[in-house]
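Okay, got some structures for you below.
Shared chain: chain A. Partners: chain B in the first complex, chain C in the second.
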Partner chain A sequence: MSLKDLLSPFFVWQRAFEKPWTNMRPIEERPGAPAYRGFHINLADSCIGCGSCHSICQNEAIDMVPVEEFSGRPGDSGLRPRFDYGRCCWCALCVDICTANSLHMSNEYTWLARDPTDYHFTAGVEEKPWQDSELGYHRAEGYHLYPPKRIDMDMLTADESVQSFDEVVNGYSEEQAKLEADRCVECGICVATCPAHMDVPDYIRSIRDGDFETGLQLMYRTNPFPATCGRICTHRCEEVCPVGITGQPIAIRWLKRFIVDQVDSIDYARILDSEIIENGHKVAVIGAGPGGLSAAYYLRKKGYSVTVYESQETGGGMLRYGVPSYRLPDDALDKDIDYIISVGVDIRYNTIIGKDVMFEDLLGEYDAIFLSTGLSVPSSMRINGEDHPRVLSGLQVLADVARGKDPGIGRKVAVIGGGNVAMDAARVSRRLGADVDILYRRRISEMPADPEEIKESQEEKCNLVEKAIPVEIMDTGSKKQVTIKWGEAEMVQDPKGGRPRPVLQEDRMHTETYDCIISAIGQGSNLDFITPAVQEQLAIEWGKFTPGEYQRSELEKIFVGGDVANRTADAISAIEDGHHAARGIDRFLKPGAYAEN
Partner chain B sequence: MNTVDEILDYAIEQEQQAADFYAELALRAEKAGMKQVLLDFADEEMSHKKRLLAVKNGKHELTPEEEVLDLKISDYLVEVDATDDISYQDALIIAMKRERAAYELYTDMAANIPDSHLKEVITGLAKEEAKHKLFFESEYDDRVLMDN
Partner chain C sequence: MNTLLDRLATDFGIYDISDRKPAITTLKVEKQQAERLIRELRDREGYTHLNFITCIDYIEQGIFTLVYMLHNYGDKSTLGVEVDIDRENAEMTSIHTLWAQAWTYQRELREMFGINFPGSPRQEEDFCLEGWDDIPPMRREFNTKTYSTETFGHREGRVSEDPREHMKAQLYPTRGGDN
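Then we have the complex of A and B:
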């Protein structure tokens, strides 16, 4: 052993008193590469809590947690992703799938915390130093894990569609439907927005699985009008579908229709029927529109004996006599109604309550009444000359056409109004061979009609004249024509807020002669069949009921729903009102069954 | 009517008459929910009366210079009758037309007298009536002309 070897331990000890060469923290911050997949940033305000990040994460590193400030926002689950950095491997799949494009990553990658639970955090909700970092991984523009565009629907061209009353939309093939169903990220955001809370992600999954019978069963749980809604639903679900944020929303409505179209009505009973155990209670329903028939169906399923009173010769209400067949063919509506009748719902057609059968008799005879009589009285313009025989009501024209009668509109028509009835009346007139001007007192952007209907009516060459206020109807001396005087409007901001109001410009008047004028400016209810003594006990505002819980009126036996009791006035809301009332009536008549709730 | 007090008394009386008119119609009204609507109209007229009483007592000033939006809805509508089965639409038409008539009355009156405090008060009353007309016309625009 050399002397050096002997002394070396003492030299090592000497080093113990020197400044150390190693540092407790990295010597200097080394920023991550600009597109580094570092810590997550979520723009929590743009995130809609769809949970796609949670579903795709292979490491189960994301939980969805409720965040108070986002609860109750429309089209938002109120949940936000909470990351577990003990599990995350920074693969960025969550960023790539994020439907709202709210999630990305910073290029930060160092983080020291003493408490291990700190590494669980709700990005964008809990403050983090990297929250405002602009660098880091962002999904490249135009890059999507699922196809952002919806599968095109095969439709008649506008030129073809005005030739007949044939259905404009042809429906998806199985291959198309499966491709479209594949785009759904199964977030369920649509379920909350659908008034009937249909189980959309699951019935869409049934398309992917090719199991349409399960799809049909799922739909009937909350909606006994799937063939109808698959065609004409106002599809508010699609407005919130997050796939639509960076692309086009899933064609939920067309997929619903696809399922119904796959199942033959002969098979409905086998797929849908369940044992009905009679409970001895009797319920009367007034009105065989979607509201009344939905209530009737769910009541019948619960064992009630249900009688529906309907003034018309067949069922469907406005779906039959309002919505034209090129949007909703009779056989589709019949498919829904026939199945409702098949479970034992008794419909008495051609029976007007208040005339053929008195309301007070129903009150005495039945254990409960559901009333869904809709809005059937066309509003009048109340301008001079309106009682001219060439002024027709939109509802009447549509009802005539639905019954196969010629409404006698002539070749040149003006439609007054900007709602769905006006659009349908105009498009029907085009199919009857007329040239059509639609006069609307506000701007096109303010039209209450469905944007799709406005677009299609324009494609079918209806001439939309906006800011046109009718002021007088004049006789032409000919029985076959009529003249309208209308003035231009200027839109003026209402000092009290709300939508701008049209103000007539009296120096800019026009006159035009037509073969007829179709007035479609709105419709109201007719509740005259309810005896005054009963009416006084019911809360009715502007011709509409204001129901309480479970669609119940102030009188415990009477439940109300549909257009005459809601603000949305569409089929799906009426259907949900009917279903809701059925549950309410069941609670009312079988209180024992709900005692524990 | 030559003095400010006289014209204010007249206007106050008119509001009272309008309130009585709606209250009486409410008693007769047959259609569902119409009683309440007409009673609400009567309340609205009573609130107009209260405002004018406050003007008379010097607690509130009229604003003759204020611009009031004129939607001109009632100007082109037909006259309707106050029948027992009156509808919402017709009740609103009656209300709009009454306010319009009052507005025109005060506007004409003001046009025929020389500049004075009286003229200012009458113009102020006209503006009040224009506001009432706007109130009912806005209601008509929102509730009756929904699809139009």
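Then we have the complex of A and C:
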């Protein structure tokens, strides 16, 4: 044995006092790679609780749980994902599908707890040290598990569309509809926003399955006007569609139309009819617009004998006389209405309440009444010369065209207003060969018309003049012309925080002569048919009803709905009002049938 | 590169040539030509390194696409050689004789997709799925969710709410549906 061997243990011990070459706490000093799939980060404020993360998770590691502070936000389920790290495998499918792009992963990967139940947390709601981490896995820009762009709709070009009253939108082919339906994540957020709460994800699924009859049945559960709404619905569902947050929303309206277009009306009875058990009660409906006919349909399905009173020669109300055929062809509207009639709804056309039939007689004769008379009286511009014979109302022009009558507008037209009636009156005028100026008192961005109507009217070369306030209508001496004086407006901030107000600039006046001026600044109701004694008992504000629960008025027999009783004044709201009134009337007349009473 | 691809097209019938990224080109070749082509690339064209072998399941078309990623250290180019094989009784010539490490990939492909590589060493042994008793999990007919539901334990007291039903209960309990 050499001396070196003898001494070596002492040299080893000497090392014990040196700085070690290994890291004492390697875990703390070794962060995950920049794109590491570590613990979840959810930007809970951007999340809308669509639950796509939950649906896609192959390990069932994600629950959707209510979080109070997000409850009731529009387009937000109020739920947030809660992760069970006992099951998560950090595959990041949840991050890849996240519609709101709120879910990410940090690069943090150590979390020590003694209690296994701790590994279960609502990301972004419970404080975690990694919540603000910038690093970790984020979905790459432009990467989507579903196509973010919608399938283009085949439409007439603006040059073609102004040539005739042919429908502008051609509708999807089956192949297109299936591709579009494939983009739906089936979250159901849209169902809450749809005024009628249609079963949107379910009927979209029926397209994927190629089972259009089931699709039709699903639509009729909540809406007996699917052919109509598939064309002209205000489609608020699409505004909240989560797919629209980082891409374009599902074309829910066009998909609805696609289903209806696949089913021949001859087959409706076979697909939709169910046995109607007469219950002996009689209900009168006043107004055969979407609200009235929706109520009539659902009441009839519940076994009521329903009579609808309509002042015009045919049904549909504003859908017939206010929506031009290039947006809603008569045969589409008739497909809906004919089926409603076919289940046994009796419509008395050309019948004016207060003249042909007395309102108080209806009150005596029927067990309940649903009023849905709409807004049929054009609002006044309240300027001098408004009663000039060359000042026409937008509603009248549209109704004339709907009846195939020439409204006699001439070749040069000014339309006053910024709502859908104004846009439609303008676009109809273009089709009748006129040059059109649209004068609107506020900015284009504030127009109440649907954005696509504004866009299409511009494409059809209607000249939109914003911030233009009509001041006076003047006679030209010719029976075929009229002059309008209008002034430019400046938008002035409302000190109370309301929307900016247009203020007339007296020094910037214009006068222009037209063949006619079409006034379309809004509509009011005509409730003269209701006897004053009854009117007094109904809460009517600004010509509108203020319904209570189940659309009921202050009088227990009278239910109200549609434009004359809601703020939104669109077809789908009227349809839901009618359906809801039918529920209310059923509860009123058959109180024993409902557990809730 | 183009001269090379032209020659390979003539000699091996390669097709569907596409530049995926700078310096990564993919090409397709028939199964019968694949081993000969890869050998040629390794021995004569400088593609001496096998990056990896992987597989894509095109269940709708009834095929697996095997991808052999080869690298040339000389010009720093990468070639992806793609080979379509039948999904049914999937089988492919082993290339462990070209690169010894290929058997590892082939063993993994056998375990994950069920592809057979006759002659490849230790084919029958478990690779990472010890005790696996189901169909190969990367085959697309394998239902991951069902497997995980049936296989792994569930934490007590977990509840999840459906967004649509939750919103109905909160916002419009008396509306919607058949009533």
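As a convention for this text, the second predicted complex is superposed on the first by the 566 of 597 C-alpha atoms of A that agree within 3 Å, B and C clash if a C-alpha of one lies under 4 Å from a C-alpha of the other, contacts with A are read in each partner's own complex, and residues count from 1 in each chain.
To be clear about the criterion, a contact is a pair of C-beta atoms (placed from the backbone, for glycine too) under 8 Å apart; a residue touches a chain by one contact, two chains touch by 3 or more.
Everything numeric in this text was worked out from a predicted model, so none of it was measured.
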Should the superposition on chain A be reported as showing a clash between chain B and chain C, or a fit? fit
Going by the contact rule set out at the top, does A:R87 touch chain B (first), chain C (second), both, or neither? second
Thinking of the overlay built on chain A, is A:S8 touched by chain B (first), by chain C (second), by both, or by neither? neither
What is the contact status of A:E506 with respect to chain B (first) and chain C (second): first, second, both, or neither? first
Figure out whether A:S478 sits in contact with chain B (first) or chain C (second), or with both, or with neither. neither
Closest approach of chain C to chain B (Cα atoms, Å): 28
Chain C-touching residues of chain A, taken from the complex the two chains share: 49-51, 54, 58-60, 62-66, 71-72, 77-79, 82, 84, 86-87, 117, 120, 187-189, 191-192, 196-197, 199, 201, 221-222, 550, 576, 579-580, 583
Give every residue of chain B touching chain A within the complex, in rising order. 30-33, 35-37, 69-72, 75-78, 80, 87-90, 93, 138, 141-148
Looking at the complex, which residues from chain A come into contact with chain B? 379-380, 382-384, 386, 416-419, 421-422, 440-441, 448, 471-472, 492, 494-496, 498, 501-504, 506, 520-522, 524-525, 527-528, 530, 532, 535-536, 538, 540-543
In the complex, go through chain C and note every residue touching chain A. 144-145, 148-149, 152-155, 158-164, 166-168, 170-172, 174-179
